[in-house]
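Step one of this worksheet: look at the structure below.
Letters A, B, C, D and E name the chains as they come in the text, with residue numbers starting at 1 for each one.
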Amino acid sequence: MLEAENLECIRGERRLFHGVGFRLEAGELLFLQGRNGAGKTSLLRMLCGLSLPESGEIRWKGEPIRKLSDDFRSDLCYLGHLNAIKEELTPLENLLSSARLAGETLSDDDALDALEQVGLLGREDLACRYLSQGQKRRVALARLVPERRPLWILDEPFVALDVNAVAWLAGLIGAHLQRGGLAVMTTHQPVDIPAGQIRELRLGA
Amino acid sequence: MSMINWFKFSAPSTFYPLAGRLIPVFWALFAILALAGLWVGFFVAPTDFQQGEGYRIIFIHVGASWMSMFTYLVMAFWAGMGLAFNTRLSGMMASALAPTGALFAFISLWTGALWGKPMWGAWWVWDARLTSELILLFLYIGFIALTHAIDDTRRADKAGAILALVGVVNVPIIYFSVKWWNTLHQGASVSLTKAPAMASIMLWGMLLCALAMWMYSLAVALMRVRVIILERERHTDWVKELLAKRSQ
Amino acid sequence: MLQIVSYTIARDLRLALRRPADLVSVLFFFIIVASLFPLGVGPEADLLRQLAPGVLWVGALLATMLSLPRLFADDHRDGTLEQLALSPNPLGLMVLGKVIAHWLVSGLPLALLAPVLGLQFDLPADALWVLTFSILLGTPALSGIGAIGAGLTLGLRGGGVLLSLLVLPLYIPVLIFGAGAVDATVSGLGPGAHLSLLAALTIGGVAFAPWAAAAALKIALE
Amino acid sequence: MLQIVSYTIARDLRLALRRPADLVSVLFFFIIVASLFPLGVGPEADLLRQLAPGVLWVGALLATMLSLPRLFADDHRDGTLEQLALSPNPLGLMVLGKVIAHWLVSGLPLALLAPVLGLQFDLPADALWVLTFSILLGTPALSGIGAIGAGLTLGLRGGGVLLSLLVLPLYIPVLIFGAGAVDATVSGLGPGAHLSLLAALTIGGVAFAPWAAAAALKIALE
Amino acid sequence: MLEAENLECIRGERRLFHGVGFRLEAGELLFLQGRNGAGKTSLLRMLCGLSLPESGEIRWKGEPIRKLSDDFRSDLCYLGHLNAIKEELTPLENLLSSARLAGETLSDDDALDALEQVGLLGREDLACRYLSQGQKRRVALARLVPERRPLWILDEPFVALDVNAVAWLAGLIGAHLQRGGLAVMTTHQPVDIPAGQIRELRLGA
């Protein structure tokens, strides 16, 4: 479903990678590896269409993503280094609002359920500004609970999470793969995802 | 010119030597036209019976005003090309034109102000044409400031292009302001459809000066674009080769 | 389509209301600027009445401008903007929503406050009406044009000041027609022509600016 | 002691020079504001000459104010401020260094530019000198007082506008004596009294404000 | 050397912890544990003197830190969630400048050496804005290389680092302990510090 061919990325005067390609089918996870600064984040942003590759092409269901634009974006869920939550809003409001802006609807119950899963029940009405670093990350991750779009692109989702939350998230990604979803992910922590076919891609080896 | 040619010259590596060959030509034309224009302007054209010698400022003022507007249009054109076709050269052209445009906008304002003092009794009035010309200067400066504030040249080009395209509405406003509003400023006296309303010798002087400014703009913009090309493409093989050859 | 616009408006308004200090501050800035000038210029009543339209319009314009950097900066810093750009909705529509919300918390209250300040300057009643109306009519254009500037300077350090540099020249026509409308009323000429030009600017600004701003935002994210 | 002040100055200047656009933009903002007023007010030369001291001073004041939010915000956001507060050097001295650096990249260039703009307004030569000198003398106080406001509003959303609200009233005396000095020169009274009051404000501001600002910063960090 | 007694922390209406106390001697590491939101960051900031405990006392070399202020701060090195680096400056400039502002002097050679250790040689002249998340964290950590102050307080120092960097940092902390330094640290990742006496403190258990 997701194919990349011969991607090249240049930053400043440095060629981060070139000739990168892969093919990912339903139910598969691509595990992107590489040392700090290898270009993992840069590659993920390209896969989302946020930045353009110097050369090469990315295809979703056989079509170049440049041409699909809207269609591709309604299949895609991206979670970056930044949490994309509003410090002024409560976790519940954040969740509802990000669903709405992504063009989906989420009932209050579903949202509360998601917050319960990430262990924030009891804090759903506290402005996010007061949350700890890990709790903020959990609010961002709660978006994934009701998420049914096929392609997940996750940039170091495990950062700042405690041990329980790491295990929970690994399970969630596993369930997504079992439903036939795809995921591309980076992380420096050793975690095992309990399902799905795992491919590895190492940048800058 | 055929399509293939067009795209060939839009590659910096082919454009660079082409520009290098054109520059001396434009400088030569500039020298000839400027001398002729100034000669006509200062020695041949008679003293105006209303305005005395002061009117001779027109030879610079009008040409500079035209150039400032026209340069902006060309800059916006290149900017649009860059956004649409993602060609590298377009952004370089736009950045190369901006300082020249700003210079002419400044000269237009400056000479206008100098002229305004004897004519209207004030250096400056807030009239539609004067104001919109001032906005033009600010747009040029904004373009330069914006593109310099962004280090990534690709991003800088695109952001500048948006600004240039947004500002392009200002140009017709400058041009037609004398028609649309009641202004102190002189209306258009040169037009393609009517016979010119001024003495033909004055007209000739003005046109010669304007043409000289054209040549100057072309020469300077090409020189600047060559510098920009070298700077931006310094890592490509052809530039390395060129520099190696030159340092020998 | 309309839904996403109205939802963006609702979201931005809610965020603004979580910080009522912001809204109040825009208004106080306006009040302070309008009071600074008489201080700098001196107290003659005639002179002040002559100055009033210009000063009030400049004050409204600067107040709007000062609130511009926040238009996208918060969303950019916390990553929301990336998410908006990746949403299947057209980014331009969401920017339109943000522009409208910005106007609702800046332009609208400024217009409502303006006649009160105008009274201070001893403006006649009809001029006060025209002042209110012209600010009401002109500020959407300020928000729209401002959005382009805010998008272009997003993420640049010192963007705030660069933003003013880009945006102020484009604000000049709005200022001229806005203050001109009040002046024309005071001098008995009638504000019609100025107001219709102002309306044209606003329609152009609101219809076209969000798309330019959206393009600028996509570039800023690259 | 002196070392840490001078080192802070050097560091902030280096950061400012990495983005020359900032410096240029402050100046252009000044230019643009000084050109907006005539637009709003109308073109009569006599009126403008009368307005000039007020408008130029208000412009300088607003330009300084716009650059204030950046005084601590960057350091706060990236965690540098915490490190400064934990350094064994007195925070007040480091703030003093930052205030001086701020003046060097805002007040000083504004003062140098002011006479050029004054020419536009057709001010006489002695008034131009006094204008320059008064801005040179008054802006350190603006930077100092501004630092307190910037410290107090640090980390608050919409801090920029709240900052103006806090700082502008405190700027009023500077404005009055500054513009007053020029006015007094134009009307032949001599600027001496105004200038010495301005000097007193500046000495007070620079000596005392950094410590108040440092206290505000410590609270903001808690 | 570092003692805490009966510390209590209240945020909003929630008591995060109370009755927390410990005693740390030269060469010892305190490993602070607890789930997301347990109050680890809040405790570390108290230990630095950045915020005040609701009740209880913190002592350094027997004196309450409130009284010591300057003296305590010249013994302390804190590294928080935020990197405290300037995006406009290069890694080298950042390192030199943070040393100067902390009241120390660092020679260019020492700074370059520190950058080499964190694997940023070759990027010492690139503005930090262009660095990847992990590389930025490395710049922040480079400060620790020449650091000889006795008390290190580190809030999740391993976040965003790749495997090699994690091992290197563990070694660096070990060396600090062996020199007789003290360290207080939190992390959700399992790492082992190769030296020193390790104490654990679990918050909100």
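The definition used in the following text is that a residue touches a chain if its C-beta (ideal position, glycine included) is under 8 Å from a C-beta of that chain, and two chains touch if they have at least 3 such contacts.
Since the model is a prediction, treat every value here as computed from it, not as a measurement.
Path length between subunit B and subunit E in the chain contact graph, taken as the least number of steps between touching chains: 2. Steps from subunit D to subunit E, minimised over paths through touching chains, total 1.
Under the touch definition stated at the top, subunit A and subunit B share these contacting partners: C.
If each chain is reduced to the centroid of its CA atoms, subunit C and subunit E end up 46 Å from each other.
We define each chain's centre as the mean of its Cα atoms; on that basis subunit A and subunit E are separated by 30 Å.
For the pair subunit C and subunit D, the distance between mean C-alpha positions equals 25 Å. If you average the CA atoms of subunit B and of subunit C, the two centres end up 32 Å from each other. For subunit B, residues that reach two or more other chains under the stated contact definition are 126, 131, 134, 138, 141, 145, 149. Residue positions 19, 21, 25, 28, 32, 39, 42, 74, 157 of subunit D each touch two or more of the other chains.
Across the assembly, subunit E contributes residues 81, 87-88, 127 that each touch 2 or more other chains. The chain pairs satisfying the stated touch condition come to A-C, A-E, B-C, B-D, C-D, D-E.
Of all residues in subunit C, those touching subunit D in their complex are 19, 21-22, 24-26, 28-29, 32-33, 36-37, 39-42, 47, 50-51, 53-55, 57-58, 61-62, 66-67, 69-70, 74, 156-158, 160-162, 164-165, 168-169, 172, 175-176, 179, 183.
Subunit E makes touch with subunit D in their complex at residues 48-52, 70-71, 73-74, 76, 78, 80-89, 93, 97-98, 100-103, 127.
In the complex of the two chains, the subunit B residues touching subunit C come out as 83, 126, 131, 134-135, 138-139, 141-142, 145-146, 149-150, 152, 154-155, 158-159, 162-163, 165-167. Listed in rising order, the residues of subunit D touching subunit B in the complex are 19-21, 24-25, 28, 32, 35, 38-39, 42-43, 45, 120, 122.
Taken together, the subunit C residues at the contact with subunit B in this complex read 148, 152-153, 156, 158-159, 162, 165-166, 168-170, 172-173, 176, 212, 215-216, 219-220, 222.
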